[in-house]
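Below are structures written as structure tokens.
Consider the two complexes below, in which chain A is the common component and chain B and chain C are the respective partners.
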Partner chain A sequence: MSNAASQALGLDLRRITFGNVWQVIGPLASLIILSLLIWWAEPVFMSPQNLLNVARQASLTAILATGMTFVILTGGIDLSVGSMVALSSVCGGLLMWEFGWPMWPAVLVMVVVGGLLGLINGAIVTLGRIPPFIVTLGTMQIFRGAALQLTDGKPIFDLTAFQPSFSMWGTGDLGGIPAPVIITLVVFVAGWLILRYTRLGLYTYAIGGNEQATRFSGVQINRYKLGVYGLMGVTAGVAAVMWSSRLNSTQPTVATGEELNAIAAVVIGGTSLFGGEGSIVGTLIGALLMAVIRNGLTLLHVPSFYQQMVIGAVVVLAVLIDRLRRRETA
Partner chain B sequence: MHRRTFLTISAGLATAPALRWTGALAQDATPTADEDLLDLDRFGPVAASSPYTLAFFQPYPNNEFWQRLQGAVEARAEADGVTVEVYALGSNEVADQVAQMEAAVAAAVDGIILGTINAAGVVPGVEAANNAGIPVIAVDTAPAGGELVSLAQTDNVEASAAAGAFIAEAIGEAGKVLNLQGEMGNQTAQARNEGLHRVLDGFAEIQVIDQSANWTQELGLSITENVLTSDPDLVAIFGANDPAALGAVQAVKAAGRDDIVIVGFDGNPSAFEAVQAGDMAADIAQFPERMGTYGVDLMVLHLNGEEVEALVDTGTAVVTAENVEVFLGIVS
Partner chain C sequence: MADLVSPVRDDEPLLALRGVGKRFPGVVALDDVSFDLRRGEVHVLVGENGAGKSTLVKLLSGIYQPDSGEILYDGQPVSIPSPYAAQRMGISTVHQELNLVPELDIGRNILLGREPMLAPGIIDYRSLYRSAREPLAALGLPLDPRRKVRTLGIALQQTVEIAKALIANARVLILDEPTAAITAEEADQLFTIVDQLRARGTAIIFISHHLEEAFRIGDRVTVLRDGRLVDTLPLAATNQQAIIRMMVGRELIQQFPERKSTPGEVALGVTRLNRTGVLHDITFEVRRGEIVGLAGLIGAGRTEVARAIFGIDAIDSGEITINGLPVRVANPRAAVRRGLALLPEDRKAQGLVLLMSVADNVVLAAPGQMDAAGGLVPPKNRANVARRFVDALRIRTPSVGQQARLLSGGNQQKVVLSKWLLTEADIFIFDEPTRGIDVGAKVEVYRLMNDLLERGAAIIMISSELPEVLGMSDRILVMRGGRIVAELAGLDATQERIMQSAAAGSIQERIEDVA
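Let's turn to the complex of A and B:
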């Protein structure tokens, strides 16, 4: 992407690429301070075993939040991600369980189904010109309903009894690093590269920054928006593979409400809900921060309702800090 | 849908008479060895004095528990010589269920058997039936208001107290117990929490760690992972529903532990399989078949002009390795 072209889009490339460091300072500092506090209160927190637990437990939110970062950067939102995970998972699970498919094709189906569902969202948003909030509020119900319909509402447990190798995605490890953590890192790095080095990444920021200006610059924004929602769907498909393997089951009700965790991770990570500004590094930190809070408070035997309150407070605080930081730099 | 392992258990019912109950069939007067396990004929079959039309409100058509309950309603309606119209709820909206009840009232059905989606929200529907003089019997959950002829439900407090007693005995009345609670604020979850604590709090040597798994396997798994880290001396886990308990099973297995007593609650086939495999020590089973059958019989008795009990406890059973085959036979 040439500098001239980006200038034509009214885009400050420096702010995108170098602004990131400052954007993530807040969440990063919160993550470090919180970790130290929990470590002080409960020494076992820093044990390698527990840190792997945290990483594993952050994986679902982190993967979905990677896709969600793209969507939110365009100024959109996707409320259907939890349902997309469920429907993708159910499709692959049924193929293995009911039709005896081998592991690899079934896994591929989960990812492809996720991508297709994302494209459906994207198509309705762009062609129908309906706000993404409304579109995905609807598809959230449609996808969940379809998942329930396909399975007759029943969970399918013990998938590895049919395809033993399926366990590798959720419970396997590579040199001691759990598979969910590796998958998360792969998704994260891919997301980071796309956002930083591709046309899709640049236009993602541009559309969120000023959709009209981007359109008038001759960018076919519908094509790129479709790509962004498709990408969101693919991450949901990947999450479905990893999570159904980790749970060793496929459940039509899985990942209910997970869209809110993904959105929270993105927001905590400093990405603006109005689009155009934010970073994927912050998102990863946001997902880790939420997992650390849940893990730490459980280690300390804090009752569950306090955990909800703390996570809610962190979300509000993150946005507040972001607002103050912006006022200062403006 | 394709059946897999359950097929092998089809002989389960045939072996029922040979079994002795280790777990109490709560509220049942001294269950004898040859008692019919399901005990469906407690109130009937009743010959209806005229061919009544009943309305059955199905709140969760996709849920296995409610599918079993509905099957029992339909079977007993046929036996009693009445017609049953099923009002299945497609959404999770209580407002839709109220609208369905108003439609049933307008259609002037003779009686309503209500599986409610929301105890508080459904009250206007119950009142609409009351005002029209149509009798209502609730199954599983009581509406928060309005008048009922009868209520057939599991006593969740008693049932989880039975789970507590089982756990206390299994762990020698000492040690740390993880309580994977249900959805916070949910009536059933509170009852199960209460019953477990009522028993376990009575033992000075038992420490209960409360964490809400929100009825999910995901949280059952991750909370157990965390607690196994902070409290490696954990000796037992209670899942307030089966998915949470199955999540705990996975965490415990992954940690390479086989010394932890895990007890679930619901009576789902997958939990029975876990009990059979030795991964779970016990599961608390409810009897949706009884709720559906009793609901119809009680309604027909009432319409025939007889007095019926206002509250019927449909009981629970502690399913362990010893009697799991029979229960797998019921749900297959």
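Let's turn to the complex of A and C:
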């Protein structure tokens, strides 16, 4: 099709190649088909109550996966997100519990701490030129250790006893829609806008696609990488707020292993672990797909150990399908 | 290796394609192509980029399967299901991107996958190195098989690949643009090797962008255009012009277009630039409206000059002036801000983000040019900006949303150029501006360079193609060993003079240099 013709039709042909279509359609189709199957086996699945439940279950993973999408698009990885959630949560929780801080400043602290932890990761990655896998493998331990140290390894229960309003982030709702779902949507939309409309978004793809060419184009790679890891930290901070509120406690062991769920959601969503290719819409679908599988299997009374196996299989399958797609269009 | 010397029978082809077709989504890569290869011949395959040469090679080396037609080997229809199968059948390919393990030594590379064993799983290294010496000696290369491949230059690495093919008892050897990345002298060595192999009865497919080479080394030539066979004929019965006509389907009137600009003020000055062990006292200037050509052999330091000026590599001493003012270019960003533009030699690795769209590549260096509020770069604005350049530079792409990797070499180069036009750069460094670009598209690139000059740009052009250097440069600086050893202009500038200055020293010296 000619340029003029596509312009006249108002089409952006960018997304209309087979590979790109599959990138989003594949996971989406899987999500829909799976939902229909579960619905057929267990009608309760489609009840509004249960669907909101699924959305709520997806929220923690989806928020973290939004930040993780940026990191992975640059060709990086962040293994420390679970620990970042814990340390952010502990910091805010301690301020409320031990020092009697009001709710809003404490919440802000959680988000800011998350952002700072992310910046620490980014600074070590860029200035130290150390692979992100190694850096965040280290900080995963460091952040978790710090969280345990700060609380003496013990959870702080009943935060709402000190700050009743803190409950709004996890258990509140707006017009019947649970707060975690709303928070997730806000984070997701923000991520989508950043990725599509800002320099940070453009450079996120560029750095992952070809860091050298991007640097030779005069882009300050380090600054934008720092931004990406910072953003990842902020999403961890937001997740910390939501999760501590929902659990009504702050626990130094919270969100253990959650980094793997976030990475899984990104990968299921079609983003390449090599960077440079992928979409944040896919990530959201990936997170939903994981939640639907968990929820569906629970409704069908499948033991939770099997659920874990199924999720694992889906991750491998998603990458396998992606691999086949790439071979086709190579 | 005794069976390499099979009786040479010219009558019947060793390998043949009969009406072969290969399609990819949206593209017919090969359409009803027939081709035959005889024992003991060098069959040159030419065609513009996208003509189907690579696809043909990939069919023969087992990477692709044909959609239609058949492949005959020794007169029998065969299928070549995998690269491994191709090798087992005696079809070895030396790809442009070499398939060597840099961290392993020469011997282990040559016998990779066919290591002699003492017992199951236990490699007999003594016999391995002994076997590895054989093909190296046969190729006239007294290299130590225990040397790591990483330490070899590209030309020698290529020879290691050929040695690998000899070990595999190759009856058919496919050389995919073997001379693209090596110097003229190294190419001479390669031709000697090819001659030897031909004499032993090996059938060789030789792919090249350089027609002089075709005439020098080839017996027959096959021309492909747009996935179709144009003709196969003996090279003795044709000439370069005729082949170019067949390749492009039209007459190329003028390879180096007329230029109207004349040199003006000094745009860029470089004074006594030093980088220990790499560059020594580099001093030159470039005026607006002129092209300064940097000639020299690979490794002479030309690209290193470009990298130093562009702030990629730090310099130890020296001064750079832009428009007469001393400047410090600490990194590429500073260079871009000062109006410099680099069109790197390796477009795919350094010039483009292949996975991104044409539009995103165009705006990569100057997203601020899209005048959207708050520093935003909406996709729509990117597309609009990119469309301007697609039209102005006649970039052939179905849309600005097309991934850059799907464009041909010439169009990719235009995308890189668009990127710099958007930053309003006025000092351009073209490093091998037409490498891997079709004959027709080359002329377009030259025209664009002339346009830049007329708008007052200054250009440094690094090129290993002497006709290009001579045809496009106002002045030519010849480099050797990190120094500028000659400046040639006007009648002084001849291929002979350039080569004399560029190549003092023998191949042997350079083999040692590499180490």
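The definition used in the following text is that the second predicted complex is superposed on the first by the 308 of 330 C-alpha atoms of A that agree within 3 Å, B and C clash if a C-alpha of one lies under 4 Å from a C-alpha of the other, contacts with A are read in each partner's own complex, and residues count from 1 in each chain.
Throughout what follows, a residue touches a chain if its C-beta (ideal position, glycine included) is under 8 Å from a C-beta of that chain, and two chains touch if they have at least 3 such contacts.
Remember, predicted model here, so these are calculated numbers, not experimental data.
When the shared chain is aligned, chain B comes close enough to touch A:V254, but chain C does not. Using the contact criterion defined above for the overlaid structures, shared-chain residue A:Y197 touches chain C, although it does not reach chain B.
By the touch criterion defined above, A:D152 reaches chain B but does not reach chain C. Using the contact criterion defined above for the overlaid structures, shared-chain residue A:R129 touches neither chain B nor chain C, since it reaches no partner.
Using the contact criterion defined above for the overlaid structures, shared-chain residue A:E277 touches chain C, although it does not reach chain B.
Contact with chain C, but none with chain B, is seen for A:R215 once the two complexes are overlaid on the shared chain. Of the two partner chains placed by superposition, only chain C is touched by A:Y205; chain B is not. Interface residues of chain A, counted against chain B in their complex, comprise 42, 44, 47, 49-50, 53, 56-57, 60, 97-98, 148-149, 152-155, 157-158, 171, 243, 246-249, 251-256, 294-295, 298-301, 303-305, 308. In the complex of the two chains, the chain A residues touching chain C come out as 1-3, 6-7, 12-18, 196-199, 201-202, 205-206, 208-210, 212-220, 276-277, 328-329. Note for the complex: chain C touches chain A at residues 25, 310, 312, 332-333, 335-337, 342, 344, 349-357, 359-360, 363-365, 367, 375-379, 382-383, 387, 390-391, 398-403, 419, 423. Taken in their complex, chain B has these residues touching chain A: 1-2, 60-64, 67, 181, 184, 209-212, 214, 216-218, 221-223, 225-227, 229-230, 243, 246-247, 250, 254, 270, 273.
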